[in-house]
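Paired with chain B in one complex and with chain C in the other, chain A is shared by the two complexes that follow.
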Partner chain A sequence: MIRLIRQRTIASFISLIGLIVLVFFLSRLTGDPTDLFLPIDATQEMRDQFRRLHGFDRPLIEQFGAYVWDLLHLDFGDSIRRAQPAIWVVLNAFVWTLQLALITMTLVTVCAIVVGSLAAFRAGGFFDRAASLVSLIGASAPDFWIAIVAIVLFSVQLAWLPTSGTGTVLHWILPIAVLFIRPFGLLVQVVRGSMLSALSSAYVKTARAKGVKNFPLIFVHTLRNAMLPVITVMGDQAAALLNGAVVIESIFGFPGVGKLMIDSILQRDFNVVLASIMVTAIAIFIMNLLIDMAYAVLDPRIRY
Partner chain B sequence: MTDHLLEVRDLSVRFHTAAGAVDAVKNVSWHLDRGETLAILGESGSGKSVSASAIMNLIDCPPGEVWKGEIIFEGRDLLKITAEEHRQLNGKRIAMIFQDPLSHLNPVYRVGWQIIETMTAHGRPAPAARQRALELIARVGIPDPEHAMTKFPHEFSGGQRQRLMIAMALMLKPDILIADEPTTALDVTIQAEVLALLRELQAETGMGLLLITHDLGVVAETADRVVVMNAGQVVETGTARQVYHNPQHPYTRKLIAAAPGKGEMRVGGSSRPPLLEARSVSKTYGDVPALKEANFTLHAGQTLAIVGESGSGKSTLARTILQLETPTGGEALWKGEDLFKMGRKQLFSLRRQMQMVFQDPTQSLNPRMSVFELISEAWAIHKDLVPKSQWRDRVADLLMQVGLHADHAQRYPHQFSGGQRQRIAIARALALEPELIVCDEAVSALDVSIQAQVIELLNRLRTELGIAFLFIAHDLPVVRDFADDVIVMQNGRIVEIGTARQIFNNPQQPYTRRLLAAGLEPDPDIQAARRKA
Partner chain C sequence: MGRKILLVGTALALTPLPAMAQGNNEITIVLNEEVDLMEPCMATRSNIGRVVMQNINETLTELDVQGDEGLMPRLAESWEDMGEGTWRFHLRQGVTFSDGSTFDAEDVKYSFERAFSDQITCESPRYFADTDLSFEVVDEHTIDITAAPVQPILPLLMTLVTIVPSDTPVEFVREPIGTGPYVLSEWNVGQNIILERRDDYWGEAPEVTKATYVVRGEAAVRAAMVETGEADIAPTISDVDADNPETDFAYPNSETLYLRLDHSMEPLNDVRVRRALNMAIDREAFIGTLMPEGTEIAVAMVPPTTLGWNDEIEPIAFDPEGASALLEEARADGVKVDTQIQLVGRTNNYPNVTEVMEALGAMLTDVGFNIDLQMYEVAEFENLYSKPFPENRPPQMLAALHDNSRGDPVFSMYFKYHTDGTQSGFSDPHVDELIAEATAAAGEEREALWSELFAYLYEEKVADVMLFHMVGLARVAEHIDWRPTIATNSQLQLSEISFK
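Moving on to the complex of A and B:
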């Protein structure tokens, strides 16, 4: 297990370096932020001063060297737009995204496992067919469209829920509900398929011959064996949410890392772009490590 | 009113498949008494397991449908009770063990928990269940029960797993134990131990034992009475001795006649030149020695059998010599030339002279290729052997040679039975006109009557074509009938080598004697005499 953690950490560190190099130079291809930040009628002197202050006048390679040097001292630079350390801006937003992702994925996982397992247990029955239909629609529905329709329906016409922003519990309901739909649909299908093959296995026959009741038969004997592919897909979906659900966060004005990333790219706030990519990359790395560890916990035959 | 422990009357079960309705069993009737062992004997597809599944409510409906009959247990018809009533009987009054204990134990839970669950599922308190589990694990002969409880199924050997399954089944002292091919996946010595254990436990508890098997030897060793099934119907019922010595139905007679191990043994030895000589052939995987210093000589046209239990290194020996595994030492001389030192090109041209037939023809034949493609593929690789214009005729010849029809060439493997598939695999091996065929458990997966036919075919090819065989098998009676010389292997080492007559009539090594003694004879009287001795 410790070997796994060490190997993965080294591998992720290497890809993180590659990511920093790539994003650093690619973001600078978008142009000089000076033009965006200063008013159109700013004098040449003001522009030069701005460039000097943020180091944009130096050769690109020198800028990169300085950035890496600061990074080695855990200094991610300042946000130009907000005049705060970039890492604080990012972590503030990331906390929002993390909460959103955690709540959504917990709901998705619990619901998908219950629905998918029951559908598989009575495969071909009414509940199975209903679950398959609903999950298929969920997995294929465009979420930005659902988001807008939901705002029109629940916020504008019925006026039950706020349209956007944060503040109360009510503000969370629509974003979570919209983010829930697609991963739920996908995961129900995966749980159902995996449970179907596990239910037909020999050890389930043994359990039935022992007189095990249906509830433990499904949720104790079969589910744990069926979980490995489910966890893999769950990880994919969670990674997408951690990256910031850019579209959904933008529609609901949710101050998460997805919205922050898109805003700072448009504003050429390079330090914030780099910091948010690093934070989400590290979060996804940690999550993948947890998934690998979950494999070993669920199946004693897997040893690292 | 009946006083039998369990009675099955006129049971008929139908399966609805894509190809239409199939009658799995028709009008099957039998009964089981307290303290009695009843064997249901039949080949694959005979429906021998179906009535047991119906008793335990393990038939999936759909596609299965029990459309006629009754199963009477304590005055109740088990086909009329609810699923919940079935659940309360299962494990408590009627328990079951299965063929392959590895896949029938849940891989992700500790065995202790799984054994205890038999009792907790029926509302017994966990501490009492734990106590009983410890007693039973010790009783079935697993050392250190406390520690064994905390281990997972994959940490035990095959025999131990079946012992644990037995412990799990006996937790609530059931009245009936159903054993579905309980020893088929086990080595002979382990099989003997497990059957002895079952017999002891039955004597202790007085339970009725229903044993489902394809093996006449298992019947002879354990059964009081036997029900013979063929094609979904009971063809004969009687005591084990009656049925063996005085079979009434032609099918039973055929089954008994097909049991190997009764024919004249071959003389063995050979004056012909050596074809293959192994000298100190060794193979290690990492630090684990799988094969230690193997030496033998195979003469042209001779049959050399390699016998041993699983893990003894018999397949490794053949695979290493054929260079399917990289050897770690020694030499293998093919007509005097060392195969291990040959270049790729030379080895390639020699490969055609050595062909292989594997255990499971379902897996060794590509399901997407027609029989014609399967057989002619070799000629596309070794181009100089048969010109393409003659492929069709040659495939037809080969199919006839193995007892199939020329027009089978256009069919696909799934359209054949297991025995026919193995014939196709043999035809494929013959396509390159080999001098040596390695049969790796080539008849082990086949029913006895089919097995006898395939052996007869190999016998004919040996006489007509002078092919030498390296015949890997764990089934000693088959080897006794077929081999010239025999190698006995244990733990990667050759422990004894000699002619079939020497090995079977006068074994020198204690291990060989133990192996022979563990094998079961189909005659109940011989087995009874052995048990006394």
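Moving on to the complex of A and C:
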């Protein structure tokens, strides 16, 4: 296990370096932020002064060298727009994204496993058909539409929940509910498929013949063996959430990292773009490592 | 494991309740753009100005854009022209900053020096591009400001520089200190900004005691928040959501939409072709359909409340046959009217921008133009809009928005029409001369010169395709006594808000 962690860390570190180089040069190819930051009728002096203050007048390779040097001292540079350290801006937003992703993925996993397993147990039955229909609709409906409809219905018409914002627990219900739908729909299908093949294997028949009851049969014996593909898909979905749920963040006014990243790209706030890419990349690396470890725990045949 | 995470998540979510709207004299305002800085010297930028301008930081003078009071005193009680470019400002006495220090002439001097410093990129210097300012503190409450060359509208320019205490550092601050009726009490980045009323404000105490600003990117959500009582004012909502005449109001937002023509290229260098472009567009057809009711047809770059507005200019009428005939006439004279002309729009520039651009393209194609419609995102668009223009470009028409709520055309005309103007696609010695004369003139003479320039540009040169003076739509809760005005785009004074 220690070897796995060491190997993965080295590999991830190398890809992170590649990512930084790529993003640094590609983002600067798209133009410099001077014209976006300054008013359209700014004088040439103001433009020159802005470039000088932020180092955009220096050769690209020199800018890169300075950036890497600062990075080695854990200095991610300042956000041009916000006049604050970029890493601080990003971590502030990332805390929100992390909470949203954790809560949503926990709910998705629990619900999808229960619903998917039950659907697989009586394949073709009423519950299975109903679950399939709902999950397919969930996996295919556009989330911006669901979000707006949910606000109109639950906040404006019924006045049960606040429209948006972050103040109380009530504020979290709508965004989490909307975020929940798509990965839930997808995961139910995966759990169901994986359970179906596990349920038809020889050890399940033996267990049945021994008289093991339905509940322990599904949730104790079969589920553990059916979990590997489920974890893989779950990891994919969680990675998407960690990148930030841009649509949900914009509609519900959630200060997450997804919207921050898009805004920074549009404003060419390079330090924030780089910092947010590094933070999310590291988060996704840690998550992938946890998933690999989960494989080994669930299936003792897997050895690293 | 799962339950534990859920518990932790829920605990994290249990942060204190936000200030709800319609509390006792507390209001919530839902904005459409993130407030990334709270820097007083950036207050002329609309997203910052709506929170900071005249609420936290004040200026020496203030322009009454909607009424006819003209320039009003704020931190300066009066001013006089001392001749030779010097203006003397008599400052208000007994004014304190929110940190307790007393406001005096040194603060005024320092505020300008700070805003103009080369260690910080403030917005204010652009309004003084070719003017050198020098300051002389006469006494604690009197200051002489000298402009070289002579600047007849110096008191008006004072509306653009916010005053900060003389110990403010020369770097962007996040906790602005000002003389205004409100003080920044909390800034929870990404969540809200809270201003609270000061007890020691020099002027009349406003009714609103506390204002909470939140940002929502989605117009439908902003409208819903006022409807449900979560917010009291949404300064910008979309046309689709503005369905309640009791709460939804259209207001001129001081922006003008026009097609900037590149006169250096055939066929746009021919006045008949430019006139034909203007005649081909059925502007009335847009209003109430793609553009909200209340949108006005434009004949000049600035809104009608601006100095020198010329009532006598008649909009060029929609006349597709006439446009085709003009094109034929130009063709007969050897003008290459069949050349493809690029029509460039900016994505997300205003609501329905794509549909508006497509309709414009179709109308121009109908009368015989060869149009290539292109949509660019903001950074690419600005490259095309400002000089130096790209080499080897095709003939271009850029659909651009220009905002001038400052009351004087000087903030527009040089940039858009002078030979050296950054966004000017145009060069005409008479125009350069008129701009120079008007800029140096004062009073009625100034007004007459601007009027003359508007007419010359629109009627004789047909410099651009002027389209619309745009409107914004705001939703205001029924118990709030406040109406949006042309100033709302750049500032939102809490002291103007009261309760019914």
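Note that in this section the second predicted complex is superposed on the first by the 300 of 304 C-alpha atoms of A that agree within 3 Å, B and C clash if a C-alpha of one lies under 4 Å from a C-alpha of the other, contacts with A are read in each partner's own complex, and residues count from 1 in each chain.
Here is the rule we go by: a contact is a pair of C-beta atoms (placed from the backbone, for glycine too) under 8 Å apart; a residue touches a chain by one contact, two chains touch by 3 or more.
Please read all numbers here as calculations on a predicted model, not as lab measurements.
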With chain A superposed, do chain B and chain C clash or fit?
fit
Applying the document's definition of touch, where does A:67 land relative to chain B and chain C: first, second, both, or neither?
neither
First (chain B), second (chain C), both or neither: which does A:225 touch?
first
Going by the touch definition up top, name the partner, chain B or chain C, that contacts more of chain A.
C
Once the shared chain is lined up, is A:210 touching chain B (first), chain C (second), both, or neither of them?
first
Applying the document's definition of touch, where does A:299 land relative to chain B and chain C: first, second, both, or neither?
first
Could you tell me if A:46 is touching chain B, chain C, both of them or neither one (first, second, both, neither)?
second
Taking the superposition on A as described, I'd like to know which of chain B and chain C A:268 touches: first, second, both or neither.
second
Once both structures sit on top of one another, what is the angle chain B-chain A-chain C taken between CA centres, to the nearest 10 degrees?
160
Shortest CA-CA distance between chain B and chain C [superposed frame, angstrom]
20
Common interface residues of chain A - those touching chain B in one complex and chain C in the other
none
Write out the stretch or stretches of chain C touching chain A in their complex.
2, 5-6, 8-10, 12-18, 34, 36-37, 39, 45, 118-121, 123, 125-126, 129, 171-172, 174, 189-191, 214-218, 220-221, 224-225, 227-228, 230, 377-380, 382-383, 385-386, 411, 415, 422-423
Contact set on chain A toward chain B in their complex
201-203, 205-213, 216, 221, 224-225, 298-301
Chain A residues within the chain C interface of the complex:
30-31, 35-43, 46, 49-50, 53, 81-84, 89, 92-93, 96, 99, 102-103, 106-107, 109-110, 148, 151-152, 155-156, 159, 162-169, 171-172, 250-253, 255, 259, 263, 266, 268
Taking the complex as given, what residues does chain B use to touch chain A?
56-58, 87-92, 95-96, 98, 100, 103-109, 117-118, 121-122, 152, 154, 165, 168
